[in-house]
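Per-chain residue numbering starts at 1, and chain names A, B, C and D are given in the order in which the chains are listed.
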Amino acid sequence: QDAPRVAAALPGIVTDKAFNENIYDGLVAIEDKYGSDIAYTENVSQATQVEVMSDYARRGYDIVIGAGGEYTDAAERVAENFPETTVVVPNGAPTPGVTTINYNNPEFGYLLGVVAGGMSKTGVIAALSAQKFAAFDNVVDGYRRGFQSVQPDGEVLVAYTNDWADVALAKEAAYNLISKDADVLMPYLDGAWVGVVQAAQERGAHTVGILHESESNLVSARLDFARALMMAADLYAEGKLEPKDYVIHLTQDEQLGDFNAIVPEEVQAMARDAIQKIKSGELTFD
Amino acid sequence: MFDFLTDASQLADVLGTALRLSIPLIFAAMGGLLCERSGVFNIALEGQILFGAFGAAVGAYYFGTPYMGLLIAIAFGALSGVLLAVLGVTLRVNQIVVGIAIILFAAGFTSFMSRLLFPGGGNSLKLNGFENIDIPVLSDIPVLGPVLFSQNGLVYGALFAVIAVHFVLFRTRVGMSIRAVGESPAAADAAGIHVFGLRYACVIVGSSMAALGGAYLVLTQVLLFSDNMSAGKGFIALAAIVLGRWQPRIAFMACLLFGFFDAVQLRLQFDQPEIPFQVFAALPYLVAILALVGLMGQANPPASVGRPYDREMR
Amino acid sequence: MTAAPDRLALEGIVKQFGTFRANDDVNLRIAKGSIHAILGENGAGKSTLMNVIYGLYEQDAGRIISNGQEVRITDPREAMALGIGMVHQHFKQVNTMSVVENVVLGLPGKQILDLDDDRRRVRELAAELGSEIDPDQPMWTLPIGTQQRVEILKMLYRDADLLILDEPTSVLTPTEIRAFFDLLEKLRESGRTILLITHKLDEVMDLADRVTVMRLGRVEAELEIAETNPRELARVMVGRDVVFDVEHTAPKVGDPVLEIEGISAVDNRGIGALDGLSLTVRGGEILGLVGIDGNGQGELAETIAGLRDISKGRISICGQDARGFDPAQRKSALGMGYVPEDRQKVGLDLDSDIAFNMVLRSFRAPPFSRAGWINFRKIRSHAEDLAGRYDVRMQNVSQRVRDLSGGNQQKIILAREIEDDPRLLVVAQPTKGLDVGAIEFVQRTLLAQRDRGTGVLYISSELEELLLVADRLAVIFKGRIVGEMPASEATSEKLGLLMTGKELTT
Amino acid sequence: MSAESQTTDAPRLLAAIRVLYMLKTVWAVIVALLIGAIFILLAGGDPIEGYTALFKGAFLDYWGIGDTLVRMSPLLLAGLAVIIPLRAGLFNIGAEGQIYIGALFATIAALYLPDVLPGFVRIILCMVAGALGGALWAAIPGVLKAYRGTNEIITSLLLSYVAIYLIGAVLHAWLIEPGAPYPYSREIDRELELPIFMPRTQAHIGIMVAWAAAILVGVMLWRTTLGQSIQVVGHNKHASAYAGLSVKRLTVLSFAMGGSMGGLAGTFEVLGLKYRLFDHFSPGYGMQGIIVAFLAALNPIGAIFAAIFLAGLQVGAGSMQRATGIDTTMVAALQGLVVLCVAVGLAFRFHPDRWRRRIAAWRGRG
């Protein structure tokens, strides 16, 4: 069977230009490549995760995706009940019976931290998310290390909005970070990232991308889950996708997006240098 | 921790944030207050903000000007008001059920339609919004100048709404009738006042006002439409009405209070990374509860609020 | 009969609530420039008919003819346009608004409010009515009598030429009633027409030109005042002879059942209402409490009942300190019955049925409940028994009390409070709004209780009534008792002086 | 038409009309679905296919029934949380907060009760803890109302927000499972997971407890002095005082009893469904409880059916979405429409005499 049927349960909406849309893009790419039958449900609440994923499994989808770490438990239960189905959780904690795919978060954060270190004039940068949890913490750890590798006395502010999609609130949070001297911002948000970019543009600050891509970013080191899903689909087609934790390391220059024209060459070089160090194992993160 | 209170530029920022977060609340609270004063409980504010935001995006996107956005936002708000009035006033369906149903419907309808109407979804819009208007001289005052006198038209509109609602309710004859209808429709009816007419008018105008809160979000704040962007503001506005004891001026201050503490909590969070951010996020709500409890005496809502009027009922 | 044209004629009016016919083929002609009284038992359909005329209810059948023209009145606005004004039995007021706002409500005028002229006119009109009213007082702070005056003001202010008065004087003082009637006579002379509903037969005899008696929704009789007398009216109204003079034997006075020593309390607004008041009621006597409405009568009754805190003093019921007993315990443990003044707001749960209201104050105790479980069968049979004995007119005991007439509501309270043979009975305005038949019933019941040895504190603003039933009278003024005397020695003049705070000069 | 057939026909016609009225909820749903069909067509879907999937997914298939029941449980309990205080004239729109606090208490009990206790004892203790948590949280607006006169609608609403943040903070600072990919607590003991009564579904016995709770609430309201007292307070506070009832105590008590229902709802979400405490686990059950309460006209037994109806609608709509690919957002809009139409439907009452007159009028003309 070389055209896997793939379905995803998403916590948000597919037009958020961030995590959810990224997953959706992955589905579409798989459809394009394999002619697969794809399906998805948006705005799946915590209470209905198992219901939705089980239903897809029952409807005969080969790969059922629970998009995000909060699906880990549900995925485990669905995998138990439907041994025929491959259950995939991007950004999930390693779980028996479930395929989890993770980027090595600190590496990506580090890279962005280095760029921020090269660009920050104030010595203060910031990261925003809706909630506090492991993946974001890890990104921030790397981000801080990268930043302090350039500006050892630099400070990293962290703020939470409690809402992945509230653009206006994210914008206000960004304003406040900027007024606390932060001049590079890293939104780790769904649709709400737009507000952060808007605030940065209005107030002469910069953004870097981790879940989203935007021309106005200095650069994006995107945790590209579309690619991760494609990888999973490829493995599945080859019959090699296993229920285990796949970790994607920063191994290629392309994992760093294009630099914004305003980023000076020496900062770009610093970033490339950092990639080399990570690749070569000179820099490690656990 | 509270250094932003002493640093002028930071203070201006916090106050600016507070005001921006308050404006949608003010529109919604004034709209809701008008409805409640006429005896109709409008719990649908949340949905009406969303309708307004959606209408504003539709207008600004298809006509290229924020003014059309405003117009269509008002139209959406008015339509939801008509719905509430027909069901909750004429057909005497429980107003709370109608309100919640409107909220549910608004959430689904606007998300759904935004996908049909906006290519790439409402999140990718870049709408033309309103520019700030600097009031000469005043806007140069330090701290307060930029906060108060360099704002866009809708901010001034919100302040005007407060004054207008207060003026109409307490300085005009029709306002007196509205208050009477909200307090005792039977007495108003016997005095020859059109109970239903006034309730319809208040609900439609009030709902349109709430919709302006949504239009403000879209046309001046984020210039795009995102699903459920009302994000609970309608409920906070309801709280502000009670906190404001059904008085426009106090309700206005309650909105500012919410806005201020929301701004402050954003500020406090990243100064205290060791304290869970939720502690600060809960601050506006805790302050509101304390304010409610601390108020001396009790505030009485308009006596007939939420009770549909039926002439022949004893 | 004079050839005055009809100001208003009703032909075949039918008004139905659900399956119940409140008005059944009512015909009525009211001559221009006359005062036309309408009499009838509680629940006869008088108010319903008036509401039809005023456009609050729409008739199911029948025609209304105003000044010779058939009209359709579907709204009070249309009634007003036809020159009809009304004082409603249940006040139609906005409690949070001031007097003047209530008066001008709904009137046309400049949009921007400026009520200075209106204030002045309200004062003038009030003076004409023989009372003083502050136009800026919020309505809810006013004593009920003043509220009634405002209702009258409201109607006069509108300059109607057909005035419908549905029990306009039920809580006015005698002097106010006099002034009001003078005013009505003046209005009649100026060519206005007045439709008056009242239960007080002497008012009808005094004032009216013609009278229509209603019974069970129908017109029972239409009489020229000159050709009738109170006895006949009462008989037509109730369908039997009414005894006006109650049998009054000498009291057999026993031990004190209520001892009040120097109590003070505040009213709803927090203003002092009782000021060191002392009073004793003995078993087997009826003590009538006389006073102008608003001098603390209501608060006194509530403190005795346990519904209002006292700041000073002591209340003993049947020899026991009443402190620490809640209102229900005062009934069950201390043997006190209480008939509150406001039967609809305090005395009854209008949204429950008759059966439950009969045990409203005792449903938490055996035999009506055990260990928290309610015995509805018991409650039902108890209610059926009481309703029969107290002649409550109803369909069945599962009927909602809200749908009963005022007289029948009062009977439920009386039945409940008297049933378990109280030793002390406090009754506040027990006959307010009742028809003569019901009043007779109430008074007989109270006398029977007295004769069994119950001590009765009878609070009323009806002097006549107190002089008739009480054995002893006490006068309350500004929260104190300013005089006590046996009923046999009391005269209206003496009481009148005491009630207004003057000393008796003997 | 002869006079004779008129007299024999009218009652039959009247009876027919009465039946039409009795089915008003059905008509309302049909109207809502018809309007919804327009949206489905707009979105390029096939309404017939969609609605078939909806009904099948909600009520006609084993899994669907399981899902519907699972969803029913929090809806029903949240409905009861609204009904009890509302019978005392108090509006609890903060059931959401009570659900969260109940879940927190239950989770703490589940994680920290000594495991020497047998599983079922611990389950019961968890339920008690959850109910207690909800009750305590709900008692706050109750107490403020009773002793300060503070508007309970608003305090209960505001406290919901506080509760949600409180759960977040507790997770953040204390209960979070180290390294968790989302803010959630450690998993509860296997022994504490509620037994499932429909194999391979998630239908846990909490559902039956919820039914039992509804029946108990009904018995309490209709058969006990407490229930009657609560209703007298709801009807008339002055008469309550006169009847010797303590309005203040009953205010607090009815709020707390309602809150305990919300607390149970939260408890079952932890013990029966998620097996952990999740941040933001409730998708607004508190607000939906208000709909349940009003659709049931405040009748606790009716609430069972209202909750099944609403749960079925949600589950069926999701099923329809997955079967046909119709946009999820459309499904949300459809729910609003159905609630609106059903509420309108409930407003229509059958008035036999009005219809009798109308029939007579038609006959007269015809």
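By our rule, a contact is a pair of C-beta atoms (placed from the backbone, for glycine too) under 8 Å apart; a residue touches a chain by one contact, two chains touch by 3 or more.
Per UniProt, the chains are B, D = ABC transporter permease; C = ABC transporter ATP-binding protein.
Treat the numbers as computed from the prediction; the structure is a model and nothing was measured.
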| item | value |
| --- | --- |
| Path length in steps (a step moves to a chain that is touched) from subunit C to subunit D (ABC transporter permease) | 1 |
| Taking each chain's C-alpha mean as its centre, the one farthest from subunit A | C |
| Gap in Å, rounded to a whole number, between the CA centres of subunit D (ABC transporter permease) and subunit B (ABC transporter permease) | 28 |
| Distance from subunit B (ABC transporter permease) to subunit A - Cα centre to Cα centre, in angstrom | 35 |
| Separation of subunit A from subunit C, taking each centre as the mean of its C-alpha atoms, in whole Å | 76 |
| Distance from subunit C to subunit B (ABC transporter permease) - Cα centre to Cα centre, in angstrom | 46 |
| Residues within subunit D (ABC transporter permease) bordering two or more other chains | 165, 168, 172, 329, 332 |
| Sequence positions of subunit A contacting 2 or more other chains | 13, 132, 162 |
| Which chain pairs touch, all of them | A-B, A-D, B-C, B-D, C-D |
| Complex contacts: residues of subunit B (ABC transporter permease) adjacent to subunit C | 171-177, 179-180, 183-184, 186-194, 300, 303, 311-312, 314 |
| Partner subunit D (ABC transporter permease), residues of subunit B (ABC transporter permease) touching it in the complex | 83, 87, 91-94, 96-98, 100-109, 111-112, 115-116, 227, 232, 235, 238-239, 242-243, 276-279, 281-282, 285-286, 288-289, 292-293, 295, 297-299, 301 |
| Parts of subunit A lying in touch with subunit B (ABC transporter permease), wherever the complex brings them together | 13-17, 126, 132, 157-160, 162-163, 165-169, 171-173, 175-177, 179-180, 191-192, 194-195, 198 |
| Complex contacts: residues of subunit A adjacent to subunit D (ABC transporter permease) | 7, 13, 39, 41-43, 45-48, 50-52, 54-56, 58-59, 68-70, 72-73, 81, 91-93, 131-135, 162 |
| Subunit C residues within the subunit B (ABC transporter permease) interface of the complex | 17, 54, 56-57, 75-77, 80, 86, 88, 91-97, 101-102, 104-107, 109-113, 154, 402-403 |
